[in-house]
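Presented below are the structures under discussion, each in the form of structure tokens.
What follows is subunit A paired twice: with subunit B in the first complex and subunit C in the second.
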Partner chain A sequence: MSKTEFPPSITSRPVYGELEARSGSGHLMIADAEGAEAILDLANSADADFWAKAHIIYIPKKTGTKYSSQLEALGAGKYYAGPSYEAAQSRIRRALQDCHMGTQVYLSGTESLMGQAMAEATAAGIPHTAIQTEHRGSTARRMQCVHCKGITEDVTTDPFECSHCGLSLFVRDHYSRRLAAFQGVRVDAEDPGNIPEKVELFK
Partner chain B sequence: MSAGTAKLNVTVAEVKPINDLVTRFKFVRTGGGDLPTFSGGAHTVVEMQDGDITRLNAYSLMSNPADRGAYTISVRRDDQGRGGSKFMHSKVKEGLEMVISNPVNLFSLDLRAKKHLMLAGGIGITPFMAQMHQLSMMGGNFELHYSVRTASLGTYAKELSERYPGKVHIYHDDQKEAIDLKTLLANQPLGTHVYVCGPKGMINWVHSTAEDMGWPREAVHSEEFLAPASGKPFEVKCAVSNKIVQVGEHQSLLEALEAAGIDAPYLCRGGACGQCETNVIGYDGKFLHYDHWLTDEQKAGGKHIMPCVSRFEGKTLVLDR
Partner chain C sequence: MTIQFNDETFYGDFTFKNSDWAIKRFPFPFHEDSYMYSVNMEPHKSYRPGSVFERTFDVDEHYVSEMKDRARVLANDPLRCQSLPHMTLAGWDLVELIMEAKAAEYPDLFELHKDGNRWRWVNKPLGIDDTFTFLDESTLPYGPMEYITRQTQGDFAVLDQRDDNLWMDAGMVTTQADWSLDFDIGMNFFEWHAPVPKAHEMGIFVRALKFLLNIQQGQPARRLNWTMTVNPLLDTSPENYHKWGVMKQGLTMENIGEKQHLRVELQTFFRLPRSNALVFPIRCYLISFNDLVTVPKWARRLHRVIRDLPEELATYKGFIDNRPLMVEWLSQFDDGTPTSDGIWPDDD
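For the complex of A and B:
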């Protein structure tokens, strides 16, 4: 799947770039699903000694084994594949704890993965401007309901139902870095019961 | 008034020679009362009435920022300099009334850092002294690596080692000791910010080594005050005030504008803050840009000059002042 061009939006909406190999004392790469493609593309320009210092944490999701053998073949010093972000989280925290200043962080794949890993990396002390990102794959959003605060993953329609409180929520571009989530606001707040038809906006 | 910041009337409360080159000065508010608070890394601009010349030099505040009763600075005598430090050493005595600016901080700590790694060279130690006071009160994590020429010229090295045991590392040039920068930078935990204050060569060394090692630009901070360079005298036309100003050999363009009664803005007087940036309306000649503010393109473009440190050689220079 190719890269997504997001339309220009409000300033809180994250923007993503293209991963490039940078000099650093280590390389922590965190990707999900099609995000593997960004790492494989970067491999075309990385030096031979790049991979020995690299640590790849990969969550294949629906892509199954499509990319994992290619990623493994890159010869990263450490390679881990896990079933979900939650399962990988303690490994991500541990990896950040162990690395030193000078380590480069590369995030690729869905906004949900990049946003959550970004929050971990900035909490560990890396300025967010120094973290590289590249969006690949699904544009489904991780949404927070501003009413019950519950998080709904993989939202593809607007409006959508909050998976916690059941309200119909309008999908905003307003983004919280701390929560790594977009904000969902009750769509029928002014006129209860008047819920527009769902439109599939994200894939 | 646009020039500088608000002024403070102070009296010199103590003059204390620290070693062969460095003297410490303590200022209290004339007539009593508290001085404004500041944060570690701030400097003040000291006005010196040297005969009919007014000199304005920036010095880092080194006292505890929590102490509002007095400010202290340390001045290294520079015999090659234009006279400001010599004036401080020879003319400033206890009881003298002076005017200094409100503190301005262009070298503040990034308090989001999990650790502060400080690298000082020579008299570049002074801003760190205030920062270490501040951090130790907050329980902040810091480490100082301080490079001095000899033990006897290691200004405050001994007292700092005693005040912050285990956090202060001193390197003596004459004993061939040097900061092992690569190893030091390689072993810093995530969230460390590095700060450097010292000679230009040291600052460049830290910036380029950190960059090569993958340190984010935002985590590397430096401060260097340039003393304005002397040079050939030149003439400048000031279009707004309609004056022609002569800039002397040992005078900066900024000082010449001030002497002519032109209200020119400044903060650091050392080419670092950007406050004095002035538009060039026309010129025939060449600029001698010495600042750290303008980009290389701007320096080549001939549309801007930083009068606090930069000069001009040629036929005509017309400024928007």
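For the complex of A and C:
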């Protein structure tokens, strides 16, 4: 089971729910890695005519083919599996643009995927009440360096090195939905060189 | 009174200084010998001639140099000023609010001449004389919010009001107490305050939001907030924290009086007429410990407040490591005699 109980946190940190099949004019489902499990669970309660109107965009990441054949077998009207979020981005934008009134959006998997897809969906004018999220799999974080503004994906330790400017950053819980990222701040700003040992906080 | 504008810097060689006039009118934020969060709002009405509460937008001896510092910060990082597309009308509201207030309250420094929508704005201290068409962006060198806030001291957060919340959808932020507009833009009231410890549990933000949502046109409000800054650095941004954080090191009993500054924010809140947005100017005043202790009541009180401040607040405000030294230095000026109620010096 890949569900995570997040500890209570500050009010800018997103909270996630559980996907449920809702009635809608269409169903856009975007997931990565273990996020596939949330869609497969939802399939247990979806009506027979649900899948014909569904569009699944899936990024397996390290799970390889573990889930992709099961997802494909659901019989969605459109099914796509891609190598990375970046590669899928133009397709995601087009799919959101093609949404009609009443389309339901389902996001599942890592925070990075849900955050980025949520920002795209919001920018495309999808009402937040039509978007569901469910976290599955890795708790690694997508971090923005507050100093150089570069984004580092899949951060698992605190502190970590910014993949752009190289500073050692501590991981805050402060989260920007616009950037779909947590904030990283130089850990040794007040005492340069005094960098605490890395702790693996996220897996 | 004509103001003598200082030629001074807020970075590098830090030549910023307060005159005796500026010390005497400093907005000391502690009305009693202890401090805890509160909503502490009051009407922003003209109060005590000569004080920072007299005018709608206080202009003081630091005006010209602060505006130069803002231009410097913006040249280094243009993302300090941002406005989401739906906030342009609020920017015009702000142009009108500031120009009308300054022209009326400082007629020797600012002039506003209106011929219908054709406006002429004269800003004598900054040497600006511009004619433009109100509500026509193409007639100004910057967007309306950026144009007027390059000429007005203090940071500005412009908040859209919808869904019973306030949204940080535009701002000019170059003199901030360690928060990032670029990161926080688009957040709602609870999200951008998320990192503040304790205050959420105390219900401060729920009450403050309720108050702010109900601010009416022509009924602005204000409050004071404070923190500590080593060196008179206006730009204590997270973006540049990797450059200024190190300044907190190296304080000694000999140099703390000169280097350590109490940083006070005069926060005001105005409803804007066309956009129904709320503008939230955050004006920063700095005073060195040396200058502050020339007022005996402030010296005694600051010692007690800093000494007794809950650890979480001293940590959040970023001076937990230097607190013991601050308390030791300030204790020299506290003979234990009682202090009078309120923020004003006793000799007044």
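Here is the rule we go by: the second predicted complex is superposed on the first by the 200 of 203 C-alpha atoms of A that agree within 3 Å, B and C clash if a C-alpha of one lies under 4 Å from a C-alpha of the other, contacts with A are read in each partner's own complex, and residues count from 1 in each chain.
One rule holds in what follows: a residue touches a chain if its C-beta (ideal position, glycine included) is under 8 Å from a C-beta of that chain, and two chains touch if they have at least 3 such contacts.
Note that this is a predicted model, so its numbers are computed, not measured.
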item	value
First, second, both or neither for A:L167, with subunit B first and subunit C second	second
Touched partner set for A:T11, first subunit B, second subunit C, both or neither	second
Touching partner for A:L179 - first (subunit B), second (subunit C), both, neither	second
Which of subunit B and subunit C A:T129 touches, first, second, both or neither	first
Residue contacts on subunit A - larger count, subunit B or subunit C	C
Which of subunit B and subunit C A:G64 touches, first, second, both or neither	neither
Contacts of A:V146 with subunit B and subunit C, given as first, second, both or neither	second
Shared contact residues on subunit A - subunit B and subunit C	none
Footprint of subunit B on subunit A - complex, ascending	22-25, 96-97, 99-104, 124-127, 129-130
Interface residues, subunit B side, partner subunit A - complex	112-114, 185-192, 212-219
In the complex with subunit C, residue positions of subunit A that touch it	10-13, 144, 146-147, 149, 167, 172-179, 183, 185-186, 189-192
Interfacial residue positions of subunit C with respect to subunit A in the complex	79, 180, 182-187, 190-195, 200, 238-242, 245-246, 248-249, 321
